[in-house]
Each structure stands twice: as C-alpha cells, then as structure tokens.
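Order as written gives the chain letters A, B, C, D, E, F, G and H; numbering starts at 1 within each chain.
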Amino acid sequence: MASGLVTPAEARARAENLLGVVPDTNLGFARIDNDREARQGFPEVIFGQGKTPAQVAAIAAHIVGRGQPLLVTRTGAEAWNEVAKVVPDAVFHQTARIIERRLSQQALQGAILIAAAGTSDIPVAEEAAISAEVMGHVVERLYDVGVAGLHRLLAERDRLRAADIIIVVAGMEGALASVVGGLVRVPVVAVPTSVGYGASFGGLAALLAMLNSCAAGVAVVNIDNGYGAAAFASAVLRQRHPHR
Amino acid sequence: MASGLVTPAEARARAENLLGVVPDTNLGFARIDNDREARQGFPEVIFGQGKTPAQVAAIAAHIVGRGQPLLVTRTGAEAWNEVAKVVPDAVFHQTARIIERRLSQQALQGAILIAAAGTSDIPVAEEAAISAEVMGHVVERLYDVGVAGLHRLLAERDRLRAADIIIVVAGMEGALASVVGGLVRVPVVAVPTSVGYGASFGGLAALLAMLNSCAAGVAVVNIDNGYGAAAFASAVLRQRHPHR
Amino acid sequence: MASGLVTPAEARARAENLLGVVPDTNLGFARIDNDREARQGFPEVIFGQGKTPAQVAAIAAHIVGRGQPLLVTRTGAEAWNEVAKVVPDAVFHQTARIIERRLSQQALQGAILIAAAGTSDIPVAEEAAISAEVMGHVVERLYDVGVAGLHRLLAERDRLRAADIIIVVAGMEGALASVVGGLVRVPVVAVPTSVGYGASFGGLAALLAMLNSCAAGVAVVNIDNGYGAAAFASAVLRQRHPHR
Amino acid sequence: MASGLVTPAEARARAENLLGVVPDTNLGFARIDNDREARQGFPEVIFGQGKTPAQVAAIAAHIVGRGQPLLVTRTGAEAWNEVAKVVPDAVFHQTARIIERRLSQQALQGAILIAAAGTSDIPVAEEAAISAEVMGHVVERLYDVGVAGLHRLLAERDRLRAADIIIVVAGMEGALASVVGGLVRVPVVAVPTSVGYGASFGGLAALLAMLNSCAAGVAVVNIDNGYGAAAFASAVLRQRHPHR
Amino acid sequence: MASGLVTPAEARARAENLLGVVPDTNLGFARIDNDREARQGFPEVIFGQGKTPAQVAAIAAHIVGRGQPLLVTRTGAEAWNEVAKVVPDAVFHQTARIIERRLSQQALQGAILIAAAGTSDIPVAEEAAISAEVMGHVVERLYDVGVAGLHRLLAERDRLRAADIIIVVAGMEGALASVVGGLVRVPVVAVPTSVGYGASFGGLAALLAMLNSCAAGVAVVNIDNGYGAAAFASAVLRQRHPHR
Amino acid sequence: MASGLVTPAEARARAENLLGVVPDTNLGFARIDNDREARQGFPEVIFGQGKTPAQVAAIAAHIVGRGQPLLVTRTGAEAWNEVAKVVPDAVFHQTARIIERRLSQQALQGAILIAAAGTSDIPVAEEAAISAEVMGHVVERLYDVGVAGLHRLLAERDRLRAADIIIVVAGMEGALASVVGGLVRVPVVAVPTSVGYGASFGGLAALLAMLNSCAAGVAVVNIDNGYGAAAFASAVLRQRHPHR
Amino acid sequence: MASGLVTPAEARARAENLLGVVPDTNLGFARIDNDREARQGFPEVIFGQGKTPAQVAAIAAHIVGRGQPLLVTRTGAEAWNEVAKVVPDAVFHQTARIIERRLSQQALQGAILIAAAGTSDIPVAEEAAISAEVMGHVVERLYDVGVAGLHRLLAERDRLRAADIIIVVAGMEGALASVVGGLVRVPVVAVPTSVGYGASFGGLAALLAMLNSCAAGVAVVNIDNGYGAAAFASAVLRQRHPHR
Amino acid sequence: MASGLVTPAEARARAENLLGVVPDTNLGFARIDNDREARQGFPEVIFGQGKTPAQVAAIAAHIVGRGQPLLVTRTGAEAWNEVAKVVPDAVFHQTARIIERRLSQQALQGAILIAAAGTSDIPVAEEAAISAEVMGHVVERLYDVGVAGLHRLLAERDRLRAADIIIVVAGMEGALASVVGGLVRVPVVAVPTSVGYGASFGGLAALLAMLNSCAAGVAVVNIDNGYGAAAFASAVLRQRHPHR
C-alpha cells in the first residue's frame, strides 16, 4: 500500500503508461480524455446538457485545437453562441440539437440506415444521423414508416436489406424495432423515444417493448439516445474494417 | 334520510324494482346476480381464483339450476372435481383453465378471430376462445403469427379482414396488436400476456405497448384476461344484432 | 434474397399491389398513408404533438386536397394559425385541442354516448366527441356524472341503455367505468384521464382501475386518449353496418 | 450529554416515568409493550408473519398471563399448534388467519359494517371482522356486493347508513370504496386487497383507486390489512365514547 | 328492460325519489349535487384544479345562492378574481389555496389537531385546517414537529392526547405518522406531502411509509390531500354526535 | 378490399412469393418459420419457456428433419427427456438450460468474448456462450471479473481488446458494462442479469445502469437474455463477412 | 394517563429536561431546534426548498444571533436577497445553491475527498463540498473522473487512498461508486444525481446501481443530496475524534 | 494500442504490479481476490446466493487455506454440508444464514450498536451482527425497539449515544432510522428490510423512507443487506484507528 514513495505526478504518469494512454487535460471543471480516440475510435464527445455555454465552448476549443472532429450533443442556441466565437466554422443543427465540426475525410465503408416511425421521432433520428456522419459514416434516412401503415415499410424492404446496420427510432409502442428485426439479417440498434403521452411514461413503453423484442438481432440504447445508437453502429462498422 | 319507515326487505324490493332487476340469491359467501343476463347479455361468470372448490361448485349448481350456461374461469382440477359432482355434464378445458357447460343454441352471427403471437400465448387465447364459444359465438383461431415472421401473418390477411372483430393475444413486446390494427378496419381487442421474462415485468411491457398502439381501433384488456376480451367482443357482436 | 433484379420503384409498386394499397405520398418528413381510408375506414389523422406548425399545415393541405375529412388532434393555436392559411374553412376547437374540417355527409347509424366523470375531464371527453362527429357519428354527451353522486348517473340510466356504445372518460379513481359497465349490455370503452394529483400518478390510478374492472364488457385506451376511444367506437359501429 | 451519571436501569425508569408508561417485558427477541393498552386502547397485537411458532407462543403466553385479550394476525396452523399448548382456550380462525382469545365483556357501543366486494376478498374481510370483535365491537358483514351488480349494494343502503363506521374491502379496481363513500355520511375505511391478477400488481390498482377516491370521507390502509382497518375503526368508535 | 314506458324526466324523478335525493342542478359543464349535504353531511366542494375561473365562479354562485357554505380547493388568484365578483364576502387563503365563505354557526364539538412535520408542509396542513374550520370544527395547529427533533413533539404530548382526532401532515419519509400513532389512542389521519426531492418521488416515499405504519390506528389519504383528511376527520367527529 | 377473388391458399402463396419467403409449416400450435435462416441468418430457435415438452420435441424434430442446427433455450430436464427420444444426438447443457444439436461446420471468423461479473452470472453467460457456439462462432470466456476487484479485469485488457465483439454479463449494479465499454473500441453488448436481491428488483437496477452507460459503444438486451446477446453478436460478426 | 396535573409549559419543560435538551424557539411557522448542535454535533440547517424568502431570513437571523454557523441549502437568489439584509456577512454559492456563514475555527482533522463523475454533477458535488467546509472539514475535489475514462481515476489512486472518507457523486449509471469502493478501504458515501435523461428516471438508475454496489463499504444517500453526504461524512470524522 | 509486445502473463503481472495488488487465484468459475484484505481491510466474502454448494466449499477452502477469516452470507444448510467437509471448524448461523470461521484476535476498538425495529427483522440484524463480529468488532444488540412503542427506544437512549456507530434495521415504514438519527451524533447506517406486506413492496417502502430521512447523518444500504451495513460500519471504525 506504500505508494507514497512516488510523487502524485509520477503515479499518474506510471498509470497512464501502464494503461498505454495519452494524458488527459484538466480544465478544472473537466478532464478531457485525450486518449479517447486511440482507445475507442472517436475523440471525446461533449454531452451538452447540464454544462454552461462557457464550459461547452472551452472544451470545444480544446478538442478542435487538437485537430479532432467536434461533436456536441443535447445542446442549444445559447451554447452555440459561445462555441461559434471559438470555433467559427462549426455548424449547429437545430433539430438534432447538435453542434459539430467534421473533418474532411473519405467516408468509411458501410452504410447505416436510420428508420424512424413517425415525424415526431425525427429529432432523435437526426441526432443519430448527424452523429454518424460526423463519425465518418454514410447514412440513409427512412422516416415515417411506422407499423400502422405497414406497406410503407415493406415497400422499402430492399433498402432495409441493403444496409450494413439499421438504427430504428420509435416512440409510442416501439413496434417498428421488432418488425424490422424480423425482416433483416443485419444488426438492429433500437432507440426508444419519449414521443407519446399517458402510458408511454416518457418512453418507458417503447423501451420495454424493444427490450422484449421477439425478433433476434435487436439491441437497445437509452430513451432518446440517438447519439448512443450512432456510436454503437460506428463501433460495429469499424469492426467490419478492423484495420482502419 | 328517514328510510327507517320501510323494512329492509321492502327497501331491497323497492330498489330492485326501481332498477328493474331480478333479485339476487344470497349464498352467504356470494350473492348471485340473477339479473346479470337480462342486464348484460350473459349470466354471471364464476372467477375461480381465490374461491374454494366448494364455493365454486355451489355457485355452479345454482347457475345451472336456473337453466343458464355455466362458465368458470381461472380454475383447476381441484375445483373441477367438485363441480363434476353437481354438474355432471360440465366440461373442463385444462389449457384454458375453464369449466363450462354451454347451452345448445344456434350460433350468434358474426365471427371472432383470435390471433395469438406465440405458442406460449395459447392458454390465454384459449381462455378467450372457449369463453366466446360458450357465449354463443363462432371463433376462428390463428396461432403463432408473431411479428418476427411477418409473412405468417400477411399470408392470412384475408382471414383477418373477413373477421367481424379480432382478439389479439401477445406477450413479450406485444407488437402484434399494432400490426394487426394497422391492417384491418374491424375493432381489435388486445390482450397482453405475461409470457416473457426480465423486463416484460409480468406482462407490463406488452400492456404498455398495446395501450400506446399507433394504430387506430385498438382497445386493451387486463394482462392474461382472455375472458374479458371475449366478453367485450361478445358485447360488440350483440350490438350488431341489437334485437337478439 | 436476390431482390436486386427489380428496381426500388418496381419493388415498391409490387408490394403496394400485393397489399392492395394506394401508394403513399412522401413529403420527406412524412409519408401520407393515402390508403388509410380504404384499409381502415377513415383517412390518416394528424397527431399534432411534436410536429411543427408548418408540418401540420403541409399534411393538412395534402389531405384536404384529396377531398378527405381533416382531423388534427393534440394541437394548439400556433398550428391553427398555419392551417387556417391553407384550409380556410377548417375549425379549431380549443377545449378539445382539435382542428377539423368535416365533410357534409349523412350521419352514420348508431349513437355514441360519452359519459365524463367530472368537469375537469371535459377536454378529453370533447376530444372523443369531436373526433367521433368528424368520423360521421351521432354523439350524446353526459358530463359530470361521477360516482360520488351516484343518483346523477342512475337518473340517466335510460340514456345509457339507449346508446349503441359508451365511452367513459374519468380520472382520479376511474370507478365510473366499472359502474357503467355493470349497468349496460353495450360495449364500454374506458378512457382514463390524467385529472387528479398525488397518487393518481398522471392517470396511472385510473388506468389500472379500468384495466381491472370487475364489470364485463369494458376495454381501455391510453390515458387522455379521447381520439383513440372515438376511433375504436367508430370501428365498432361501422361493424354494425358492414356494407357501408 | 453526560447522562452517564445515572445507571441504565435508572435512565430507563426515568424515561418510563416521564412518558407515564408501564415498563415493557424483554423476552430477548421481543420487548412486550405492556403499556400499549393504556396508551392506545388495546394491548399489543402479535403480527405472526416472520415470527417462529415458538416466538408467537411465548409472546401469546405473556399477554394472556397479564389477563389481556390475545390477537395474533397473519398466522397459520403451525403457530396454532404451539399457541394451543400454552393458551388452551384460544381459537384459530383459518380463513382470517387469526388466533385469538377474547375477554368476556360487554360489547362496545357502535356498529362496524364490513362490506366486501367479492367472495375472494372474504379472508381479508374476516381478518377485519374477527379483529374488531376481539376488540369488543359489534360487526355486521355485507359480502359480495361489488359494483358490477350495483343493485346488490343499493338494496342494502339502509344497512350502510345505519352503521357507525364502514370498512370497505375490495380488490381488482377497488371501486366499491368510492361508491359506498358517496352514499353515506359515516367514515369509510378502505382496505385494498391483492385479489386480482395482471395489472392489479398485487393490489396496487385497488390501493391507488382508493387513495384517489372522488368521494369525501374515505381513508385507506395497507393492502390486505384487515387488522389495520379494524384497529382504526376501533379508535374511531372509542372516540365516540371517550370515557370508556 | 322496457323502461321506455316512462319519460326520461319521470325516470330521473323516480330514481331520485327512490334514492331519497334532492335533484341536482345541471349547468351543462357540471351537475351540482344538491343532495350532498343531506347525504354526506357537507355540501358539494369545488375541486378547483382543471376548472376555468368562470366555471368555478358559476358553481360557487349556485352553492352560495342555496345558502350553503362555500369551499373551493386547489384554486388560485385567477379564480379568486371571478369568484369575488359573484360572492363578494368570500375569502381567499393564498397559502392554503382555498376560497371559502363559511356560515356563522356554533362550532361543532370535538377538536382536530393538525400536526405538520416541517415548515414546507404548512400549505397542505393549512388546506386541511381551513377546510375543517369551514366544516364547523375547532382546529389546533402544531407545526414543525418533525421526528428529527423528537423533543419538540414529546413536549406537546398532552396536546396530542387531548385531541379528538389528529391529522398528521408530513413529506420526506413521513415518519411522524407512525410516531404520533404510537403515542395516542385517538384516530390518526395521515397526509403524505410531496415535500422532498429525489427518491421522495413526489410524495410516494411518505405515502408508502404511512401505509406501512407499524402503529395501529393510522389511515391514509392521497398525497397533498389536506382537504380529504379534513373531510374524513369531520365524518368521524360528526359520528361522535350522531344526532347533529 | 375485394381480395375474395383469390383463394386463401393463393393469397398465402402470393404473399410468400412477394416477400420472397419459404412457406412455413403449421403444426397447429406452432407455425415453423422455415424461411428464418434465409432471412435472418439462423433457423428458428425454440424458446422453451411456456411450451410443453411434447411441443418442444415436435418442433425440434421438424427443425432437425430439415437438416438445420437445433437450439432450444430456457428449457429443462423434462423437455430434454422428450427431445432425446426424437433427436438422440442432441445435447443438454444444464447450467445454460439449453438443448442443442450443432452442425459440423467450419467456425465463422471473429471471436466473441463473454465477460461475466460474478460466479452467479455464469448461467446467463453460458446461455450466451453455447448459443453463439451453436451459431458457429468462436467464444472466449472471462468469468468473475466484477469491478470490485478491478485488477482482475485490467489484467485481461489485452484479451478484451483482441475480441471482435464483447458480451458483458452482470447483475447487481451492472457497472462492468461501463467499465469494459470505456476500455475498448469494439461493440459491447450488455446483458443485465437478475442476480442480486432487494433493490436489484429482479435485474432492473443492472438494466437501468447499462442503459445509462456513460461509455459509448454499449447496447443492451433484456434481463437474463444470454441468447439474445449471442444472436445480436452473431449478426454483427456475419456483417463482417457479408458474403457468408 | 392523568398528565393533566401539570401545565403544558411544565410538561414541556419536564420532557426537555428528561431528554436533556435545550428548549426550542417557536417562530410560529418553525420551531428552531436549539439543541441540535449539542445533540447532533451541528446546529439546525435550513432546507430552503418550499420556504418563503422571509421564512428563510427569519430562521437565519435567529441561528446567527445565537452565534452558530449558518447553512441554507437548496436556496436561490430570491432568498439570498432577504438573508443578506439580516446577515450581511453571509455568502451565497450559486452553483452549490447554498447560503452560508461559517465560523472562524480551526479545521477539524481528517480530509473528505469528493469525487464527481462528470462536469454536470458538479452542482451536487459543490453542495457537499461547501456543506462540509462549513461544518469545519478539509475538502478535496476530484471532478470529472467518470469510469468511461478509467485512467483519469486510476491516476489519482493515491489521493483516493489518502482520504479519510470519500463522497462519490455520479448520475447516469452511477458506476463510479462501485469502482471507487473496490479500490479503497475507507468508507464511501455515494450520492446519486439526477444527471441523465430517459431511463435515468431522475436519478433512479444511479440510485439503484449504488444500492446494489458489489463493492463493500459503500452506503447511499438520497438523489442529489450533497448536503446529506457531507453531514454523514462529518459524523464519521467526528467519531474519529470523539473528544471534540 | 500495440500491447501485443508483451505476453498475456506479462501484461497481467505488469498490471498487478502497477496496481500494487496480490495476484488472484482463478478457480475457473471464480477468481479469488487475494488482494482484497490489503486493499479493503477484509478478505473476500462469499455471497452464497446463486452459487452451488460445491462452489461455495471450494472458495471457502481456498480462503481458509490462506489463513484468512471465512464469511459466507446468504447461504443455507445445503452449502453448510459441503463446507463442513472442508472447513470442519466452521460455524453455521441459521437465523443469520451465515457460515463463518473467525480468527482469534483482539477485538477492534469501537462498538457497533445494532437496533432492530421488530422481531421479524432479527434475521437481517443477525446477518449484520455476525458479520461485524467476524470482522473483529464488538457488537451490541438492541432488538424490538420499533417506534410504535417509543418509550422502549427512549429508555435505551444512553446505549444509543454510547455507541460509536449504529446500524438500524427496520422493515415496514422504516421510521426507526429517522428517529434514531435525530437522537444521536454518531453515524447511522440504515438497513431497510423486506419485512412487511402489500404496499411495502418487498422493502421498497422502508428503503425510500430511509433515503428521505429528515435526520442528518443517515446513510442507507440495500434492502436486507445486513452484511453491507456491517462492512460499511467496519470501514468507519477502522478509520478511527487508521494505523491498524
């Protein structure tokens, strides 16, 4: 237990070395995980909710300064005002609630199809879509294909089957995940949304439905977590091309 | 407030008269609602759960003695032993957990289609089917047509559309109700079942999904309540022929 | 799996043909289900919540342009401003939160009685009432007949029994559904409302009560879902006159 | 803080003196609250669940030895075997799951009416009835008067109004509490029961319904807590005769 | 079933006669239960939440016009503006959120003690206090006696024991109900409040605690339902003097 | 709507043709989805729970008769007795509760690492492991590496990073998913288990924790759903080799 | 029971004497527990939520007037305006939502380390930190060390082990508590926060995770209860030096 | 990322070295955390639930073989049979469900007082008591001191205040934690138990109550987690004597 023989800085360096990580940057209110890209394939993403505009802008400036792509989720106009001052060429997507600055790069192989059940689910679907694009992926959008009009979905069966991975975004009863899951052999990442009212209980109904899907090949992320679905899909596609 | 001027028996008679009801029979542990058939279209049904075999048999004997059809739900072999002694020509359906004795009558018009998502949902579907048959209805069964293999359901689209009312029985994510609801114009009565595990929470997932169905024309009964769905469907079909 | 031999458009056409559906119109953010009326008896209804006023107006214009009745639920003054520009003769019902434009037609046979437990339940009851009227049905209103003053309900027993189907709208403990259900032979569609506080948990208490109704012939829709009850009742009444 | 100047026994005595209480008896696994009758109007009642038969019998012997009435709730045949050895004239009520030995005394004034919705609710109703009788009250039973057959209840309106306090015992949707509460001016103590299945969630549906009762004058005890309702009713009636 | 032989008005009259009730007044949006006082001991109380100011004022005017005491709960300044126009001598209690106009009458016998755990519970406690006063009862207030400083409560033991009935108002963990319940022989009506945060879940923690009270003689009303506790206490005290 | 011009058999054939599916086999209680392998990459899997041993055996015989691999999950000794009669070379894995008969085939490329937090999680982990092996994958097991002894996990960091996809199986607080998710760039499929007690609420605690994981690249399946995780992982790995 | 022989004031004094407490001050809306410091080691803390600014200021003035340290939690600018008038040298911490005035004293022995998982958790962490400092403790802050970047935490292992007690503040999945708990031998007080969305259910996910921690030596306080964690830690450290 | 340059064994050793840990022993189904005592103050404890008797015995033998104290929780007679074969001098405590073999050592300084509300809470209290004794602490037991008879607790006030830390064990409404918390200045660890029924929801009521305690200095562990409370108390007391 006598780790007192090394100084704190040495201990930190030794730990970082053992874990093979790049040291983080401590801004006081945040420690930027500079090793994230090496370790996980994409640099640290800023979760905007609960952070002040000034905090968001400071972290954004640091990330951009390191030449990394910028992705801020669950953010708004107020933070955008601050970020624009320090990252002038960033872009704000109002529907998706995302601020981003993507790097010019060749698109990664493999297409992500994002299927949304209803028009009200589009903000979450766009959070997934923009996030995936910033991560370097080709995204196809298939919106308003809820199961109440099944022919709208079946008519797009070929697009469904042509995708490499599918993100299904649905609120209310969330049945779209099971229906899509039963039609394709590719992995389906299901995103329940809080669209609905009453016994939807803020997305709980869709969440439980998706977790209980009778179709194989469906996994679920948090309610309204479009970004999380994109990150998972990105991890899957990167696996397809492990040498990238 | 001075209702003391009439005797209790008079008061009871006066109330029954006002409400236009047939007096009930008081067995001590149960008051048999002899007016139920006139008032609601079908005599009192015995909910077996929580009653002793002797209680079930006593009520059954009374109902049969009045020349009415007998229907005991959520019952088992133990009660069946007692009922068989007093109603020798009753029938016990083990899967449906029903004891019944139906009257020979002409079948009522209109067909009830019962669609069940999986093999494990059959006990609840059979509770609905047998109950509806005892109530005098024609029943069609369409079992194991869950949405994971959508073609099994779509291949039966004509049967779905030919029904006068559809009862959908499904556990897990309960998506079948929405899919069927989107395909037909007839009313769909959804029965969530407790089939599943984990985050199905005893049928809660299917219940919430069905309540949040994006398809119009879907209403829901309690988890595993096959009988309730049959009773509701029966009320609908009787409405089609209001003079019966 | 080699469905690549047909073009996407051909595949879509083939699917629509097989399913016997009219093609949908893709507005980008919404695919309008033009086949809805043929398939389900009433054209697509616009769920206003979560859609921008511009989206609502665009869909409304399309529906009205096809000569179909317009029904927008869960909407407000902001959307009304936009819709009024493109559908000048539409009507906005503030209490019911509905924008509608009904077709002049002969009323369908069969009456829907809407019984509401308290004054605070009227907005949901009106959502059901206006929706049913737009669908072509005769609606009777029976408001503020909660079970705390049972004589108010019993005094209207004849109106209850004269209805072809009853929609019961109640918050708090939702007992009205069971009491009405025990008095009539017609189907009862129960709508729990979020009226209440504390342990009503946003309508959960009424929802659970209605699902556990000891009266036969009661089915339930989502909390505050007046429209859903109307759509279900409409499906039932259309069944009564299957050739319409 | 220096209370060490008094011995523990002195401190205990001083506290008991201050609070004006009779000292308790420490059996090691239980401290019998000998002051309970003076303080609360009835001696300590043994909650049988979770206690071994030997523990129940030891406490029972102590209570009877002090000349007090004995009441053991939520108990069974196993404990009964042990208690019978030490309190030979005790009585075991199987349905009510109660062991008791009541004192011969003049009945207290005031009648408790116990109304139970269904036959399956009788065990809880009997727990209340027997408990109240052991506490010295007159009890009237009104069983199987659920709201699905309202005339059964209305026919007994005079008995309802003649009671001094009413205990309503109901599972499923628990609507009986509201209906009774709206008919009478006496206090109504509602006992939700776990009778039901599916979305009754072990009595939660009835509990929430009763808590949200739109009728004034209704208060609620725990699910299946027949004893608690009796104890509360007893406190109310004792208040009517404060000098007893 | 052929009740068509009487006109609706006759049927209504006949029902009212049978039930021995005074006919209600139908304002369209509300049916005023004019029989409430005869039947339940106090006239109809207006639940302000969810009603428009105009609706509240119209009902208030009707009640006052009949010479009855006025009590509007869960109301605010906006409704108060309307009511003041039609009932100029009404009083608005901002903390209690009550509008009332009490009749000059002799106070009823028996005292209600209202014990509140913390300062933040006072609004609910005052809802109970003002309601009880309008109903004609003597009210004593004992505020900020939460169990964290038990001596504050124990010091008032004599006032607790002198009361005829006690209303305990507490949020957070709601332990005050059990502690008071264990000290007195009078009935304790427990009101959980939504005071708290996090795992209080809007009062659920206090509600469950009170329902599970280990003290005998405790019954519970809905979260924040000060009025309900007062109405229940009033029913108890009226029972003490049944001839009033 | 006049689909009556084709016979039911024709309609079925036409639907199957359109959807490009192999017709299913109807055993009465089950419709075997013979197209499942073509459509989804693996033939129908038998969910044993809720099926009778005879039903399981009949479906198993059909699947084996078609030359497909057999996989029965959530099964037991009783079903095993029946299956062994008709599929003599099947194998029963007691811990995993699986009956299987795998085909001799070359292992698919790509390794699935299954990390389980505790010894009690092994049954669920084994359900995943055996399922994945039957699907043709190489499986590595890393058991008892819960976060309470983090060095056990960190010591295996290279194995974690060498995997193509990781399945994390954990009950209690489920923290292992987040910790692993933060260490690797491959997709992590999290399986909450019902291991735990009290506030684990049958696995709810682990489920919620995994859904809220702060690590990117984590998706979740149902509680105890080892099979589902394997099926999802299999879909991901098959994507890596899309021409298989 | 005849405690009427003493006056209320005498009874109060006698109780206070028995319990060895200093009498409280009754402000009408609040009874200030002047004995709190003697009994619990720190004077009464004002829970600002639900109190009016005037109430907060009045209590604050009383406490400061007694020469005690002032601590108001869950407060804001409005209360601050009032308090500043009566306690001019108080300080308002906006992020921590605390108003305080600490006494100049020697710091107590023992250090509290506060580890927060993310930047959004800082307000709760600061509530704990400021509270602990006002109570006289040395506080170390370790912020943004969530488990997604484990090296950030491991690099600070020596600081973790050097602390006398650790407060872990985390929302989302709350895994930090288990990871820290597994690394150290000192007690860990876990504070779940409401940071998150969707299935975090206002902090429920983190709360359940922390309660189910597989690491020994972890105890939990309410969601967002930074103050409670500080108070508990303070009690622990005071125990280390029992003679203070 | 190229950690392939070291062998797995080297990597493991390097990690163990960095973390300063003793290597674990891998039994296949379990990795015994041999470093636990050095890192956390007490060796690995066996959580018996979900482990086979053979697994328990194997781990027990390993721990005893290393000369460490043995503690198996949540175990039973079946495991005891196996453990007794390999650790003949182990002891089985049936009520506490613990198998243990403690080392002869001098008792650690500081006393743990365990207060249990009712007789039914004793098994959980004993789990805490035995665990703490095996960890080397002096334990005092104060059983059946629930708040319904407050004098039983107040009479023991001096014992409460003399303890160094208090574990409060209570089911039902769990009020004992708040009452004790308000009386003492030492830390209180609250253990909710599943004792109760109905709305106790398996201990949820007590858990929520304890989390919402209005008394300062209370922290909570999982429902029925007597061991966890002991482990936490042990960590606190070891802090008092940091050089041990």
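Going forward, a contact is a pair of C-beta atoms (placed from the backbone, for glycine too) under 8 Å apart; a residue touches a chain by one contact, two chains touch by 3 or more.
If you're wondering where the values come from, they're calculated on a predicted model, not measured in any experiment.
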{"item": "Chain pair among C-D, A-F or E-H whose interface repeats that of B-C, sharing over half of the contact pairs by residue number", "value": "A-F"}
{"item": "Rotation angle (°) superposing Cα atoms of chain E on chain F, nearest 5", "value": "180"}
{"item": "Label of the chain whose CA centroid is most distant from the centroid of chain E", "value": "F"}
{"item": "Fraction-based call for chain H against chain E, same above half, different below", "value": "same"}
{"item": "Cα-centroid distance, chain A relative to chain C, in whole angstrom", "value": "36"}
{"item": "Centre-of-Cα separation between chain H and chain B, whole angstrom", "value": "51"}
{"item": "Length of the line joining the C-alpha centres of chain A and chain B, rounded to whole Å", "value": "46"}
{"item": "Per-residue overlap in chain C, given as positions that touch at least 2 other chains", "value": "1, 3, 15, 19, 118, 148-150, 154, 157, 182-183, 198-200, 204, 207, 211-212, 216, 222-223"}
{"item": "Complex interface listing, chain B residues touching chain C", "value": "19, 39-42, 45, 154, 157, 164-165, 182-189, 207, 211-212, 216-223, 228-229, 231-232, 234-236, 238-240, 242"}
{"item": "Contact set on chain G toward chain A in their complex", "value": "118-120, 122, 143-145, 148-152, 154-159, 161, 195, 197-200"}
{"item": "Chain G to chain F touching residues, read off their complex", "value": "117-118, 146-150, 172-175, 177-179, 181-183, 196, 198-201, 204-206, 208-216"}
{"item": "Interface residues, chain H side, partner chain F - complex", "value": "1, 3-4, 6, 8, 11-12, 15-16, 19, 21, 24, 26, 28-31, 33, 35-36, 44, 47, 49-51, 55, 74, 192, 194, 202-204, 207, 222-225"}
